[in-house]
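What follows is a group of structures, each given as structure tokens.
In what follows, chain A forms one complex with chain B and a second complex with chain C.
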Partner chain A sequence: MYLIEKSNVMKLAEELAKSYELYGPVTDKETGQVFFSRVDNASEISLSAELPALPPKSVVFPQIERIMKYKYDRDAKKAEIEADYDKSSKAIFGMRPCDLTGLIVLDRFFLGQEFVDEVYREHRKRMFIVSNTCVVPFKQCFCVCTDSGPAADEGYDLNLTEIGDMYLVEAGSEKGKALAEKLGLKAAGDEYVALKKEVVDKSISLFEKVATDNKAWISRVMNRVTTGFIKEEVWEYIGKQCFECGACTFVCPTCSCFNVEDHNRFDGSTDRLRTWDSCSFEGYTKMAGDHNPRHPVEDRRNKRFFCKLSYSQSKKYLRPGCVGCGRCQWVCPGDIGLPNVVTYIRREITE
Partner chain B sequence: MSEMDNKIITIPEIATIEEIKDEIQDVKTFYLKFDNPEVDKNFKIKSGQFVMLTIFGAGESAISLPPSPEDDRFHLSVRKVGKVTDALHALQVGDKVGIRGPFGNGFPFEEIKGKNLIYVAGGIGLIPLRSSIVHALQHRDEFGRIIVLLGARTPDDLMYQYNIEEWLKIPGFECYVTVDQPTEGWTGHTGFVNSLIEKANVPVENTVAFVCGPPVMFNSVIGDLMKRGMKDDCIISTLERHMKCGIGKCQHCAIGRTLVCTDGPVYTYKQIKTLGEEI
Partner chain C sequence: MDYKSGICNFCGTGCGNFLKITDGRINGVYSSRNHPVSKGRLCVRGWHIHEWLMTDQRIASPMIRIDGSLKNVSYEEAVNFMMEKMKDNKPEETGFLASPRSSNENNYLFMKLARSVFKTNNITLDSESGHRASLNVLSDGAGFAGMTGSLEEIGKTGFILIVGSDITKMNPIIGSEIHKAQLAGTRVVTICSRSSQMAKLSNTHLQIKPGTKNTILAALAKAVISEGGEDADFINGSTEGFEKFAQTVCDLDPEMVFSLTGIEYAAIKEVAKELCSSESAMAFWSTGISGLEQETVSYIYNLFLLSGKIGKENCGVNPVAGIANLQGGYDMGAAPDLLTGFRKLDNSGSVSEFEKAWGVELNREPGRDIYELLADSNSGLKALVVADHDEGIIRYEKEIDGLEFVAYFGAYDNPFIKYADVVFPVAALIEDDGTYTNTERRVQLSQKRIEPFENVLPGWKLFSMIASKASMDWKYSSAEDVFNEITSLTPEYSGLSYPKLSGSMGIQWPCDDSNPEGLKRLDANAMKRKFRFTPVSGDFAAPSATPEYPFLLMRGQGEHFWHQNNIMKKSYIPKREYNATLLVYPKGYVEICKEDAQKLQVREHWTVKVVSASGSMDVSVKVSEDVRPGTAYVPYFIREMITEFLLEHKSYTVKCEDAIIPVRIERV
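Entry: the complex of A and B
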């Protein structure tokens, strides 16, 4: 544990910018919206900004990404294939605990299963993560329901917690420790363990008053979703409200379905692109010959909630797929963000 | 599958089309050989697995493997049905394609030893079953009766007729064929493939049935087999889904709580019933 004055905290980001591509929450001057952006200068980052509109998922899993390029000369019968992985080193500064949990879920899914995803592994290999404890929740937060905040337990290189006019800096890795030592941060006394707990407890106590938009008590719902004892009418009701826009999946820190497409260039070469996809799109399961096993919208719609809330899917993530950031509720035009769906299902259970 | 773990599975290996055979309407068989001799030597498959086939300039598709794991030329039989397969059918001998794989669990070959094997195929449903049939016939002594029930729309839609003629020379191989719409000169059986179950006097005890075909045929065949007293965990099928990666990441092939690419494509009917989704 180390300490750094609030006025000096961005020195960490400046130091990281020397050897990493730096990403952090940036407030757009015109719209006031917050996004995770690549910054040239650490001063663009705002640690106190509200939860970014999009999670930093795109840093490790870009919306469109070339994973391979090839060229086939049909006359010469010559094919050349070249893998195209992102080998840059990236640092994410000021990531909120929910988004960090989302990243951990993606790690377990892409790296911890039978097959390892090479493309993802290259993104993650040289990454530096600085997380930021939420000392006050935001309006749409429900991470206390999903065990993913307001403070991060794991997955960071450095974790920042605002305590008074200081930031408590905890190192979660050798890499993190080395950076703190390099900057000569002064060591924090043992009393800071209790001080941090106080800050986190206070944050939790504020949820009732501040985080009023969403609540999602998911444990009983998880049981129902897993066992399948949810009436078809409930899914139909939810399906009817779905616009099939895919926004919920795009803003979700843990949604990782992708499509792969080959795009031909004018020079005769082809790019193999991997792009975000959404289980709510009608073409998602459509096979060659037009057979679509998941034609009705509710058949597709319930899959997302199955993915987030069922026990069998949680086995892959080693936790629920939902991290309580509230973004899906925020963007859904049909009012069926995850917290609302949980409410519908709970209502059915109580009835 | 552990040896696959460290392999780069995102990148296809290049293979050359050595021979093309016209099968039935819109279906061709492509005999392939890997350009890299090392890959060619080490390419081992299990019956029931599939590969991801890249057609340069068109894209990638999941294609089931018809060759036997032993002593069989590497080939793929593909129906022209979409963008990638259209492009494949336009290729000629000498053209290159990309192959990733093999992927999937495959048929439980060890577990079914000593049993009677029934293969029920509708149309091109015979393609994924061919691998297992050839493999079983290569080990003829290790099985009881080996019966193939084959249904097709017309006599011209019967897959692998030349193979069947070969197989019929092997003692104890039984094959029954039927068509829904007979053409002139057809002297064989007419009707749906389930009508052959009775005709072949399909055994039930110590028997495993492999069923593959369009969903309607699949459901009615399974219904008839169950009526005869066959247990749901003795009926095996291989499913197909839209796939993008083959390695359990893109999630397009999710069915119930499983992924067809890594948990399948081979399922018992007992498993299929618990998936809770349309086949």
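Entry: the complex of A and C
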């Protein structure tokens, strides 16, 4: 454990920027919206900014990215293939615990035992992660229900916790320790363990009632979802409100579905692209001969909640698929963000 | 930071977005949480706008047709070629087809080019059917050629009436706003012959027999009056023409209403009561390709006028534009008889203002509609200039092929190029600045974020180049200069400027000396004239099924295929969704209910022949709970369906969504 003055904390980011492409939460000046974005300068980053509208998922799994390139020479009947994708080293600065948990879930999908995704691995390989404890929860947050906050306990190289006018800096890896040592951060005394706990406990006490209320309910709802005891009408009520826009999937820190497309370039070469996809789209599950295991919209909708809230899926991720960030609630044209779905199911249980 | 604010360019909702620009290329989009219209939401189209904007299916160079094939040339050569070919055409032999997707600046210059260089008023806004009809009613009735309410007030209104239209598919974010209002307590009533998603999300769904919207709206007006629900003070003090309208609707016989619409008069009275007892109310209907006919719009407007739900807080009579700049296109005067700001061309005062500003003498005779000219074999149309054609399907292909000369202006590869003798590439959205006016009159600035593809020219530069060939000196050095000229000639836009729009998330016109920050909603107290009840014919004849043609066929469109839209086809995910439908229904489909399928002895996917008095088409069957017995529905997204079947019904292009075709369905 180390300490750094609040006024000096960005030195960490500046140091990282020397050897990594730097990413962090940035507030758009015109609109006040926060993005997790690549920056040219560490000073663009704000550690106190609210939860970014766009999760850092987009750093390791961009909305659209080239995974290879090829060019076909018609005359020679030869194709040149090139594994041309983003191979930069990246530093993620100021990631919130829910998003870090999301990243761990993505790791289990893309770097799982059965299959390792090379492109994803390249994003992740040399990554340096600095997480940031939420000393005050944001309005829509419910990570206390999904075991993913308000403080991170794994996956970071360095973890920051704001305590008074200092940041407590915990090293989670040798790489993290080396950076702290290099910058000559002073060691924090043992009393900081208790001080940090105090800060985190305070944060937990500040969550909206709906989050603390839901705490046990999320697991009860998981039980219901897994055993299939949810009435058709509830799924129908949810499905009817689905506008099939895909937004919940796109903003979710753990959603990993993608599609692959070839983009023909004007210069005659072709980019093979990976793009975000969503289980709410009809074409996503459509098979030849018009078989679609999830034809009605409610089937596609509840698939997503199965993915987030069932034991079978949780076994894969070693945790629920939802990390409690509440972004799906922000972007849903219906009223079926995950917390609401939990509420609907809960209403059914109590009735 | 890689994210730059922008405006979605698909439908007329005008949602805010953020575009991800990395190293001068676009590679992502994100929703805008603080945008007053979209509030963090986008629809399936909006979430994939980067796929369209990053496409390489572009027009990269000017081209001219020599011996039947197109050949790359310089802009200079292409302009010379065009001017040479068009130099002998008389104004009445020349036509301009403008696009509801082009920016205000480009539409204005296109209109200026037609009127000042080629002296023709034959200029039509493409893909519009219905919006003009709505603007005619609102302009005539309220002196206000645009949505009288505001999308921001949807959440605060007490009652919402939706007429026709699958709004959650066509303008999903407006649908979402209505849905959220409903959840919070607003009464939502949908009048629609099909059980659309919006109908399912409404408190009341009046599932009328097809083609009887006028009847039910008139019956609603009658019910309001007979229950004493009309706003008498408002009618006496602020309106004229009530008596005549009241006479027309009060003559309606409830029995006849029931037999025509299939809806009990008691249910109609119930809705009328809800409308009148609500503090505020809004009406929505789609315009654009599947809009309503003028008479239907008149009934909606008159109904709201008599119940006093117009020009007041949280009230509005609201046409919803299907395409990004459909409203802006009319604001820019892209019509045979209009100048900017919906001013009539026959108003010589306005014409002389333009003559003075442009330094030319204008043709004061209103022109003709391009499709009318194409349909009329004796029209003498010889040359057609087209911009940003939006639909994958071209109407009157044969006639266009037969023209002497066709010029095409656009950013993307387009089926119209097949007919073009000269093709000009133009910088695309985000390659140049431009303003777009959404369906609630919100003028928004979309800024230049990347350099133009292969150095193609922005509209203002290209159109100026053409004008200079005709010895006219257009002095623009940016899109902003064009906008400044627009504001100087358009009273509703007079208070707007790029600096004012920049970072504003849009300003709703009229923005002038009396409304420096724009106007959210028409204000009855500030009206300089009285509201007028707009004329209705009182003809309630509806198409009826006969033993020979027992089904009433309705038509509509879906979210992904969106009239075989050209830009949708340049995306990946929405195109995949379109293809998924196409794979299963390569010839399109007709929705019929289970009982009818049993009667016809057909099953899902079987091919049937849909036969009307004017033609027939083969389509697949889709068994659906969304249609009633005796009614059938086709979403039109297949070329043959449109060119070979629907277009044969002349009423189709005129009456839009209201066009109902009696058919019979045969097993094949």
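Just a few scattered comments:
Heads up, the rule we're going with is that the second predicted complex is superposed on the first by the 334 of 351 C-alpha atoms of A that agree within 3 Å, B and C clash if a C-alpha of one lies under 4 Å from a C-alpha of the other, contacts with A are read in each partner's own complex, and residues count from 1 in each chain.
Methods note: a contact is a pair of C-beta atoms (placed from the backbone, for glycine too) under 8 Å apart; a residue touches a chain by one contact, two chains touch by 3 or more.
Since we're looking at a predicted model, the values are computed, not measured.
Of the two partner chains placed by superposition, only chain C is touched by A:Arg38; chain B is not.
Applying the stated contact rule after C-alpha superposition, one finds that A:Ala83 touches chain B and leaves chain C untouched.
By the document's definition of touching, of the two partners only chain C reaches A:Phe266; chain B does not. In the superposition on chain A, A:Asp277 contacts both chain B and chain C. When the two structures are aligned on the shared chain, A:Leu318 is found in touch with neither chain B nor chain C. Legend: residue contacts after superposition of the two complexes on their common chain; A:Phe258 is shown touching chain B, with no touch to chain C. By the document's definition of touching, neither partner reaches A:Ala187: not chain B, not chain C. In the superposition on chain A, A:Lys286 makes contact with both chain B and chain C.
On chain A, the surface patch touched by chain B in one complex and by chain C in the other comprises residues 259, 261, 264, 277, 286, 288.
Chain A contributes residues 67-68, 70, 72, 74, 77-79, 81, 83, 109-110, 113-119, 228, 256-262, 264, 270, 272, 277, 279, 284-289, 291, 293-294, 299, 303, 306-307, 310, 312-313 to its touches with chain B in the complex. If you check the complex, the residues on chain A that touch chain C are 26, 28, 30-33, 35, 37-39, 44, 53-54, 58, 62-65, 240-241, 243-247, 250, 259, 261, 263-266, 273, 275, 277, 281-283, 286, 288, 290, 330-335. Residues 1, 4-5, 8-12, 14, 16, 54, 56-61, 81-85, 94-96, 98, 215, 240-242, 244-245, 247-252, 254-255, 257, 262, 276-279 of chain B are the ones that touch chain A when the two sit in their complex.
Every residue of chain C that touches chain A in the complex is listed here, in rising order: 1-3, 5, 16, 18, 20, 22, 27-35, 40-44, 46-47, 50-51, 54-56, 58, 60, 168, 172-173, 175-176, 179-180, 183, 197, 200-201, 453-454, 503, 505, 559, 572-573, 576-577, 579-581, 583-584, 605.
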